[in-house]
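So the structure is just underneath, and the comments pick up after that.
A, B and C are the chain letters, set down in written order, and residue numbers restart from 1 in every chain.
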Amino acid sequence: MTTYRDAVRTALQTLLREDERVFFMGEDVGRYGGPYAVSKGLLAEFGEERVRDTPLCESTFVGAGIGAALGGMRPIVEVMTVNFSLLALDQVVNNAAAMRHMSGGQFQVPIAVRMATGGGKQIAAQHSHSLENWYAHVPGIKVLAPATVQDAHDMLLAAVEDPDPVFVFEHQMLYGIDGELDTSGTPPSPWKAVVRRAGTDLSIIAYGGSLHKALGAADELDKVGISAEVVDLRSLRPLDRETILDSVRRTHRAVVVDEAWKTGSLASEISAILAEHAFYDLDAPIERVCTLEVPIPYAKHLEEAAIPQVGRIVEAARRSMGDG
Amino acid sequence: MAEFLMPSLGADMSAGTLAKWRVAVGDTVAQGDIIAEVETDKGIIEVEVFESGVVTELLVAEGERVPVGTALAGIGQAADAHQKAGPAPEPGAILTAGASDLKLDGPAASPAIRRKAHELDVSLDRIRGTGEHGRITLDDVKSALRAPAADSERVRISPYARRIAERRQIDVSALHGTGPSGAIQARDVLSAEVPTDTKPASAAERMQKAIAAAMTRANDEIPHYYVEHTIDMSNALAWLRETNASRGVSGRLVSGVLVLRAVSLALRKHEELNATWNGEAAVRCQDVHVGLAVSLRGGGLVAPALRNTNEGDLSDLMARMTDLVSRARAGTLRSSEMTSATITLTSLGERGVEGVTPIIFPPQVAVVGCGATLERPWVVGDQVVARPLMRATLGADHRASNGHQGARFLRTLDRLLQEPGAL
Amino acid sequence: MTLDIAGDHALTLLRDMIRIRRLEEKSAELYSKQKIRGFLHLYIGEEAVGVGAMHALREDDNVVATYREHGQALLRGIPAGEIMAEMYGKANGCSGGRGGSMHLFSAKRNFYGGHAIVGGGLPIAVGLALADKLRGESRITACFFGDGATDEGEFHESLNLAALWKLPVLFLCENNEYAMGTELSRHVADRNIANNPPAYGVPADSVNGMDVVAVERAVHNEAELVRETSMPRFLELKTYRFRAHSMYDAELYRSKEEVAEHRKDDPIEGFQAKLFDEGLITQADVDAIEADAANEIADAVDFAERGEWEPVEEITRHTYARDLS
């Protein structure tokens, strides 16, 4: 058994050891050991050239990562959280995402960027965003959301190996979870969604920090005789349409769980895909369980009410079944 | 000789105004010289000429606004100037920058109409405008209000359940839904029994409402004209007696089936009566599906289509007609039968009345009504004799046909019924 | 003051400035005729900066530039035809027609664009220098940007990071006194831009950007210092653009008199006059240069005209390494 954070660290170590093009930079990743203790010990093992503490300049250190990738390196950039990544969006959207296409294929940007994301720890409005959909919106980059310990490890390896810019979102509530980590075999493709729990009555589709809540809801539903299938999206761009559609075509009902605000969310995108490609298989309207349309509040009961919880997922599922 | 064109000075510049000429006809210009000032959204911009030569003509007057690419002046060699020198055109000759067609978002309706529609909770997308250029008028909106109940009372059913219902030919309008918001879901369809008459009372009420709405709409919207004709049924009845003598009871034909087949054959000759009205014009139907008006126990009325009425021989048609009537009475009609009639035939012969002046079932454009076949005085040669006569009345939509066409249809019907063996 | 350069090099400098000028003039004409669309930013007046700097750099030094980069691109060796075709949007353009005037790229010539976000190229330059340092490469990264870019956060962040991590970046500020329509003292608190970098530990200097010889000398000195010390340096090149910011600009923000005054410092005319004075060129030389330039540009237009349009079916190519759709 390993923790999620240790799994990420293991992946970082493997990458730094095995590929000299790889280096790692971000705020407080070196001496501090990482704000989530992910990179503890890495500075000591690999030295200051390859594990770099950056100044607080998200735009420039992400841009520098892009430049270094252009120059032939395989940088891993940690942006402390998605909340601070907004400062770097210009470099992401206008450089990382566009360079290959606008240069006519001459340049590639093999950068991997890791960010913590999500809320639930009462760190209030400016520190609790889930903006994966902003990144998943942009052609030219790829987006991963590891929800399990195994994926936390495997997806970082895949991200660094990929010739395209890959953004990996680690939900901050997951760093401490325990799970199995197998580093021996060949990891499955990170670009596929996976059915974490098979079911027949409805499909609960989730990613990242919401996966475990979805599984919890499925357990609750099981007690009242409702068999819920749970799909872990894993890859947010590209979305694995095949797996999503296959599931809903079998169960005929969908509940999409997304910690982002509902408006313009990935849940909306998935709903559109289902309406476009599974319209005649739907036995009920699609349900979306998302964060309420408010900046995330500090007070515990308010934050809990705002962010999707097991209770709301269960309610949505029951509504979809027609009992509500 | 070269032309100096209105230059494009920016991605979003489509036209410019020639504010001021800086040269006159006959002036010598060198490449790079400023030749004019052009006024754009961003202010006055000096424009340069790209050729060297002599200005031979100015084609656009100061103050004129022209699209990018319009020739503004001619630049030629010195010799050309003498031939082309002339005054600049009057400001009256203005080229308007590309006329932009009025593109309306969604249905063509004025803001006032949109407000009214919103008030009355009518969706403009479902209305075909009868105003100029297809604009939706107030009458259009009011007509939509009176549309049959079938339009405004969609059955709430999931796409998946509907798919199952279609496959199993189950009438969903009578189902009870247990899905979200009471919608019909798959299991409701799967557990439905055939025939469905779980709630006969409410079904009848619904039907009555639907008939009322349809008849009202027909009355309001369709300019009916009527043509009547009395048909001597002697030949038809004689042929029936003969034919039926050699058939068993179950294979007997009735005169109604002769009339039915005659009507459907006549429609092949008179296609203008076999059409539907789409709001603007009559659209002729490919096939003939005669709707049979069937009275139901409890006072209801349906007019399901006997599809492809011209197919098969009379025995087939008789069997199908019998089946259709019995299913109509049992409430197990298929949805295609309910919606595909291209004309309706109402026969009140059984009631013993002489005739009927029927109302058209919209969106059809004609209806045929027949009275009973009764012995009545008739003139043959110069003798008055008793003959079995049937009065046939054609009601038709004057937007789609006229009295002459209607009259011809009835004459054809008459002729067909005189030779029942050929039906 | 006599020019301290060899005669044929002087000719080369003059030739290259004239080539750029003629390319830009032709681009303006083609834009007016709608052959070139979108935005077009002309380098007319600033030729000495591009020519002097590019001659001072080595062929394999990395170059990051702005959207006003035709001069640098041409001098880096991207054929005029490919530049023109790119502005036409044709598939035989240096960016495959995908970028246009503002996004000229050439991987094999270490020319990293062509950036339309003011200040957006500076972090890229820092990253390229970082990669070279980590790999032990000896080249430097030259980053061109305007006075407007010094307002942006990335400018300050990049100076700081380059100095902190000791990266071989040569920051070249083409100060033409206007950030689009806003004059220098209306967008910087301290007109003396060269005062900024030393605050971050980056040595800074200034040079007259209208004097091609002075530019070449200054950039060469700075480049060599960057190469030796592997530390960033900053050079402000004081220049002026004679044309509007871009084609669609009525220049309401400056007077015609001001422009006329600056035209007296035309880098080409000034240099040409000096060369005549010193007997380093003849009229025949100039005529030959002009004729060659005219031919080069005519060939470039022809190349562009003959180019194909990329088939629409290929539109998703080069979004990712492998087409995902």
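The working rule: a residue touches a chain if its C-beta (ideal position, glycine included) is under 8 Å from a C-beta of that chain, and two chains touch if they have at least 3 such contacts.
What you are looking at is a predicted structure, and each value in this text was computed from that prediction instead of being measured.
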Chain-chain pair with the highest tally of contacting C-beta pairs: A-C
Chain nearest the overall C-alpha centroid of the shown protein atoms: A
Computed distance of Cα centres, subunit B from subunit A, in Å: 52
Centroid spacing, where centroids are CA-atom means, of subunit B and subunit C in whole angstrom: 64
Computed distance of Cα centres, subunit C from subunit A, in Å: 40
Partner subunit A, residues of subunit B touching it in the complex: 158-161, 163, 178-180, 183, 185-186
Subunit A-touching residues of subunit C, taken from the complex the two chains share: 62, 93-99, 103, 105-107, 112-113, 116-117, 120, 122-132, 134-135, 153-154, 157-158, 160-161, 164-165, 317-321, 324
Contact footprint of subunit B on subunit A as seen in their complex: 252, 279-285, 319-322, 324
Contacting residues of subunit C [partner subunit B, same complex]: 25, 29, 31-34, 37-39, 246-250, 252
Subunit C-touching residues of subunit B, taken from the complex the two chains share: 5, 7-13, 32, 40, 42-45, 47, 50, 68-69
